[in-house]
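Report on the following structure.
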Amino acid sequence: MTGNLLSVLVFLPLAGALILLMLPRENHGLIRSMAGGTALLTLGVSLFAWSRFDGAASGMQLGESYPWIDFGMAAVRYELGVDGLSMPLLVLTTVIAAIAVLASVKITERVKEYFVWMLVLTTGLLGVFTALDLFLFFLFFELTLIPVFFLISIWGGKERNRAAFKFLLYTGLGSAVMFVAFIALAFTGAEAAASAQASFNMIVLADMFANPAIPEVLGTAVRAGLFAAVVLAFAVKLPVFPLHTWLPAAYTQAPVPVTMILAGVMSKMGAYGVLRVGYGILPDQAATFAAVIAIFGVINIIYGACLALVQTDLKMLIAYGSMSHMGIILLGAASYTQAGMQGAIFQMVSHGLIAALLFFIAGALYERTKTGALSELGGLSRSVPVLAGFMLAAAMASLGLPGLSGFVSELLAFMGIFGAGDLIPAAAVIGIIGVIGMILTAGYLLIAVQRTAFGEMKEQFKGLPDVRPGEYVPLIGLLGLSILIGVYPNLLSDIINTTVIDIITRAGG
Amino acid sequence: MVSLNLFLALAAILFCIGLYGVLTRRHLVIILVSIELMLNAVNINLVAFSSIGPFANITGQVFTIFVITVAAAEAAVGLAILIALYRNRSSIDVIKQDLLRW
Amino acid sequence: MSAEMIFFLILGTIVIACSVLVLILNKISHRIASMAFAFMAIAGLYFLLRAEFIGIIQIMVYVGAVSILFIFGMMLTDHRAKGFGPERSRVHKLLSFTGVGILLGTILYGVLQADFAPNDNPYVGSAEMIGLELYGNYLIAFIGVGVLLLAALTGAIVLARKEAE
Amino acid sequence: MIQNAWLIPLLPLAAFVILLLGGRQLKQAAPVIAIASVAGAFVLSSVVLMERIGGDTFAATVRWLTIGPVDVTMGFEVTALNSLMLFVVTAVSLLVHIFSKRYMAEDGRIHVFYGYLTFFTFSMLGLVLAPNLLQLFIFWELVGLCSFLLVGFWYFKKEAADAAKKAFLVTRIGDVGLLVGLVLLFNATGSFEYGAAFAAVEAGEVSGTMVTVIALCIFLGAVGKSAQFPLHVWLPDAMEGPTPVSALIHAATMVAAGVYLVAVTYPLFLASGTALTVVAYTGAITAVFAASIALVNTDIKRVLAYSTVSQLGLMMLALGTAGYVAGLFHLMTHAFFKALLFLAAGSVILALHHRQDITRMGGLWHRMRTTAVTFLIGTLAIAGIFPLAGFWSKEAVLAAVWANGDVVLITLAALTTVLTAFYMFRLFFRVFAGTYRGDVEAPAENGKTVTVPLIVLAVFAVTAGFVHFPLNGYWLEGFMTAGLNYGDQAHGGLGLAAVSLLLAAAGAGLAWRLYGKGEESGMQEKVPAVHHLLENKYYIDEIYAAVIVRPLMTLSRLFVEVDRWIIDGAVNFTGAITFRTGRQAGKQHNGQLQTYGLVSVAGGIALIAAVFAVRGYFG
């Protein structure tokens, strides 16, 4: 029954997109329900996969493997599988995708194309999180790029073209580096293992690079270069300072559901790539570079938070805040400890939920008030109390209030970094600077809440409609999941624990 | 018999004259003529090798036939284009034919 | 100096002289006539090389057909050179001359240096052998060339035809 | 019952959920539901306290988070300390809930108010019941959230919104310190559990420096929450919240959480002399510092707020001088009389239609007799007049400081005693004595829901001290320190009691001389420089603005410019270069066939030349 479960999951949205293509262009209702149905079905399948997943077992599960392309000197296989690192992200993707599709009621132009792109994007994302073959991984990674480009450039805001191109070029740059890095990985791996045929399989490559004789075959510099290339490739997506300037443009210009996916899931692709490819295949180099990664993590936290602190536009503020939160993933991962690594994964999931929620709320506010400028907003607690309440809750979740998922990830990440003293020279200093970031986070989020929700009610905002029934789905869904993880984190921890132990022990050799 | 080198040298000179014509003359008909000269230079080479080359055989002449055929076709189509061009733009000055610019 | 050498020198001189004239004469008709003479001389060279069949085809196709075609082309277009602008710039001409000159020098250097085994008994081909080759080894190519000619024929007609009113 | 102590916080939580979901429909029933839930919690707490007095510590945990081989658990624990805290919190909370029914009656969002209030009660109870530092931190933060929500309850007032933000941010600094402390503690000992972690510390598994660092980090959390110097700035501003909130959160319970935190992690402080000294000095400085500001402030609630800061400083001072029981004893009595004072102030404010300026009060003794009497009781209690609760607890604190023997600390403590009595009586006289200076017609009492809580609290303020006094052999000490080894608790003799009483009387007497008529004293003119300094709260807010906030904002703006012009600039520059290059290269495509041809020839020549250069003419 679970033989091809992952394939079904990955290609279900694509199949939905194909069916959408055949539907009549004008029948918006049918198109919407078809797209929503597909997304929900995908969510169901992913939950089924979750139920079939054994958190206590190590290694890949629900695997599929078929020969695909044989270049002679290298072989590409169609290989899928999940472990504790990808399983939560898989479910996160389907959740956010379903919610984003359901939240797309404001899209009224070129409806059919829009949903087709959304579903194609979903397939790409799911593929990235399940592919075990670097080549396949790359294909899916690129597959996510095209839909996003069109989604921004057709349905985006005023500056959409610029934003879309910036996104495309930046990520294109990352992809180019990634492609080179992958090929180099495959062939140096084959060289190291004295294998006639290069393999793109991540697991096989990890074993090749884990060969104790490898330092004699491949110099330290070569492996360090490979690791740096892999990290650089994914750093664009994350994004890591100073490769971040596409982010505010893309996040603010994309239509709200797309921003939810961008901030919620796509930025996790970068982090996932670093962990899966970088840490998975080259664990020793990851340990060597730990200090560098940690420093970039802190820079991200502080720099993003500082920028968010003085933004005048709500979406921009959330966008930079989102960048700041990515630093926590780096910080946790850099520590290379059980807690830190778990914190990084927790943060991926948690930030996925919270960023999506924040952007949804910002979008809902913009739709009502027609302005995103903090100076023009204010007093919305009076006119839209429920929405303002959700905004407050989302801000609290984002600043790491206990009982919500953000807290668990921050706690774990900081436990990691403070416990990484033997790996990172000044871990405590880095950790302290990191926690100062938490204060700044509270600062900018409270500024956002105060400027929008608090204060005298403005005349022009009188009588705005509060949350509509349809909007409760994303609001309650995302916040509810965040609370669920925050109140009982073992829900997630039980899934990822074994995998993290595996990642940590790899570096030992 | 005349040495092969001399035939090759003659062909080279002819080819270069044709090339120079193609690069500098304005009149499209003359450019086509220059192309014919270049093709003839090639033919001289082929026939010369076919007759007095180190491995003389008939293949060179066969190829000459092909070249002549293609040259004839080219001349026909080239002139047809030229006429159509003149009809539309009332000039066959190659300098003025610059629609495919940036 | 053998008779063949004398013939070669005469024919070669005619070829080069006529082709130079093609480039420098003023009137288009004179240029095309000069081209025809060059083709004739090249046919003579083929005879000298004992490739009579090719020589005859050269006369028939080039001197007979192509030259006439060019004359038609000239007459149907701007033979009085009314619609002509200024010449190519000196720089362009100079650069072309230099480039072509370098090319020529390079080729001539190699061609004159090359040491081919002297062959005093030219290989004599015949129309029969050419026919056998064409219908044997090169059959596919031959058919292809036939198709090409057909395509050129129809293409030329379509292109040169006046636009339907 | 003690096994089911977890029900105590769940009752208010249930009320919160009901109010959150159905508050708008319930409206008038909302206060009733909230009061009933807290009353239930109070009853349960009382039962638990009784059982604990007769029984033993109880703990239960469940697995919460797995970190590799380590299981982090959550659960609850009933110890002597927290069973007492449960009782205090639920008692004060219940009375505040009742009081609020009238105080907030005119507010259209009363259901929201009660929702927040019950959620606060839940959080505070959860904090108290926590068996480990992590769980304590979780509820610690939730308490902070409630404080934020309640201070900013009237969010449409700019001051309230600003105060809420300030409260959250300043305490956040402390919270972050606490987080670092508990993370370090976990990394050093492998556990968040009090018992396991302290056992590891006592067994010497953690280096001395590390213990000091951990203790100081944890203390930073306490400094933030208990508004100790230099993180005290948020508490006076927090008085923008409704008065019952000030009574419950910013006087009786939440701000006491800092003291409670130091108490539950006391073994860490005992293991580090440095940390203990820091605690003592912070407490002493805060006590005098805040008391001095309270001398001149003219806002009834702010005076009480500074008084709270000062009293919390005393508690810290007691803890820092090994007076474990003294600190907690003062915490308990303070909870009662400070809640009383705030609620009485609330009663006055309500009668005066939300005017809080004491220069516009006076002469209320005859108009609001119950309020005035209870306020006087509270004043006497806080000033430490025999035999009210404050006397006993303050005497215990002084005894601890005296036993410690540090002259500076003793001086500061004594000074605080004088100042406390002085500013409290100043406040009392200004509000209740003399003639009425306000503009509200005929202020009067506000009915039973207001006066009953006052009376009940007054009773506590009088009697609460008798759990720990010589005649019952310092009962509280026996209860609190059973099974713990926190050193000998100092007891003051008659002499100390007499001195303490004398000091308080001196302060009160001075206040009577200056303000007995309820009028202005003229101190402003006599010592203008001092007055100015105090009135502006030693310019601490301004210093923070200049040293931290403004540089941070400038830095952030700088970052914005860097981001725009340098980082994004580099990106755009690259883009522009590419674009320009493309355009220039495009211009080379002039459509001239022969130019192309010439370039091709040049290319061909270059190619040939390259081949020749490598391989020679004939290869």
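In this document, chain identifiers A, B, C and D correspond to the written order of the chains, with residue numbering beginning at 1 in each.
Following the convention adopted for this analysis, a residue touches a chain if its C-beta (ideal position, glycine included) is under 8 Å from a C-beta of that chain, and two chains touch if they have at least 3 such contacts.
None of these values were measured; they are calculated from a predicted model.
Chemist: Counting C-beta pairs in contact, which two chains come out on top?
Modeler: If you count contacting C-beta pairs, the leading pair is B-C.
Chemist: Taking each chain's centre as the average of its Cα atoms, which chain lies closest to the overall Cα centroid?
Modeler: A
Chemist: Averaging only over C-alpha atoms, locate the centres of subunit C and subunit D and give their separation in whole Å.
Modeler: Result: the chain centres lie 101 Å from each other.
Chemist: Distance between subunit B and subunit C based on Cα centroids, please, to the nearest Å.
Modeler: Distance between chain centres, rounded to whole Å: 6 Å.
Chemist: So the centre of each chain is just the mean of its C-alpha atoms; given that, what is the distance between subunit A and subunit D in Å?
Modeler: One centre to the other, that is 36 Å.
Chemist: Measuring centre to centre with CA averages, how many angstrom lie between subunit A and subunit C?
Modeler: 68
Chemist: Which subunit D residues reach two or more other chains?
Modeler: 594, 598, 601
Chemist: Specify, in ascending order, the residues of subunit A that touch 2 or more different other chains.
Modeler: Within subunit A, no residue touches at least two other chains.
Chemist: Touching two or more other chains, which residues of subunit C qualify?
Modeler: 88, 92, 96, 99-100, 103
Chemist: Kindly provide every pair of chains that touch.
Modeler: So the chains that touch one another pair up as A-D, B-C, B-D, C-D.
Chemist: Inside the complex, what are the residues of subunit C that reach subunit B?
Modeler: 2, 4-5, 8, 12, 15-16, 19-20, 22-23, 28, 31-32, 35, 38-39, 42, 45-46, 48-51, 53-54, 57-58, 61-62, 65-66, 69-70, 72-74, 76-78, 81, 83-88, 92-93, 96-97, 99-101, 103-104, 107-108, 111-112, 114, 116-125, 129-130, 133-134, 138, 141, 145, 148-149, 151-153, 155-160, 162
Chemist: Note which residues of subunit B are touching subunit C in the complex, please.
Modeler: 1-10, 12-21, 23-30, 32-34, 36-37, 40, 43-44, 47-48, 50-54, 56-59, 61-62, 64-66, 68-77, 79-84, 86-87, 90-93, 95-96
Chemist: Spell out the residues on subunit D that touch subunit A in their complex, using ranges where they run on.
Modeler: Against subunit A, the touching part of subunit D is residues 63-68, 70, 134, 137-142, 145, 152, 155-156, 158, 161-162, 164-165, 168-169, 172-173, 176, 179-180, 183-184, 186-187, 552-553, 555-557, 559-560, 563, 567-568, 571, 575.
Chemist: Provide the residue numbers of subunit B that touch subunit D in the complex, in ascending order.
Modeler: 19, 22-24, 94-95, 97-102
Chemist: Residues of subunit A touching subunit D in their complex?
Modeler: Where subunit A meets subunit D, its residues are 166, 169-170, 241-242, 244-245, 303, 306-307, 309-310, 338-339, 342, 379, 381-382, 396, 401-403, 407-408, 411-412, 414-415, 418-419, 431-432, 435-436, 438-440, 442-443, 446-447, 450, 453-457, 488-490, 493-494, 497, 500-501, 504.
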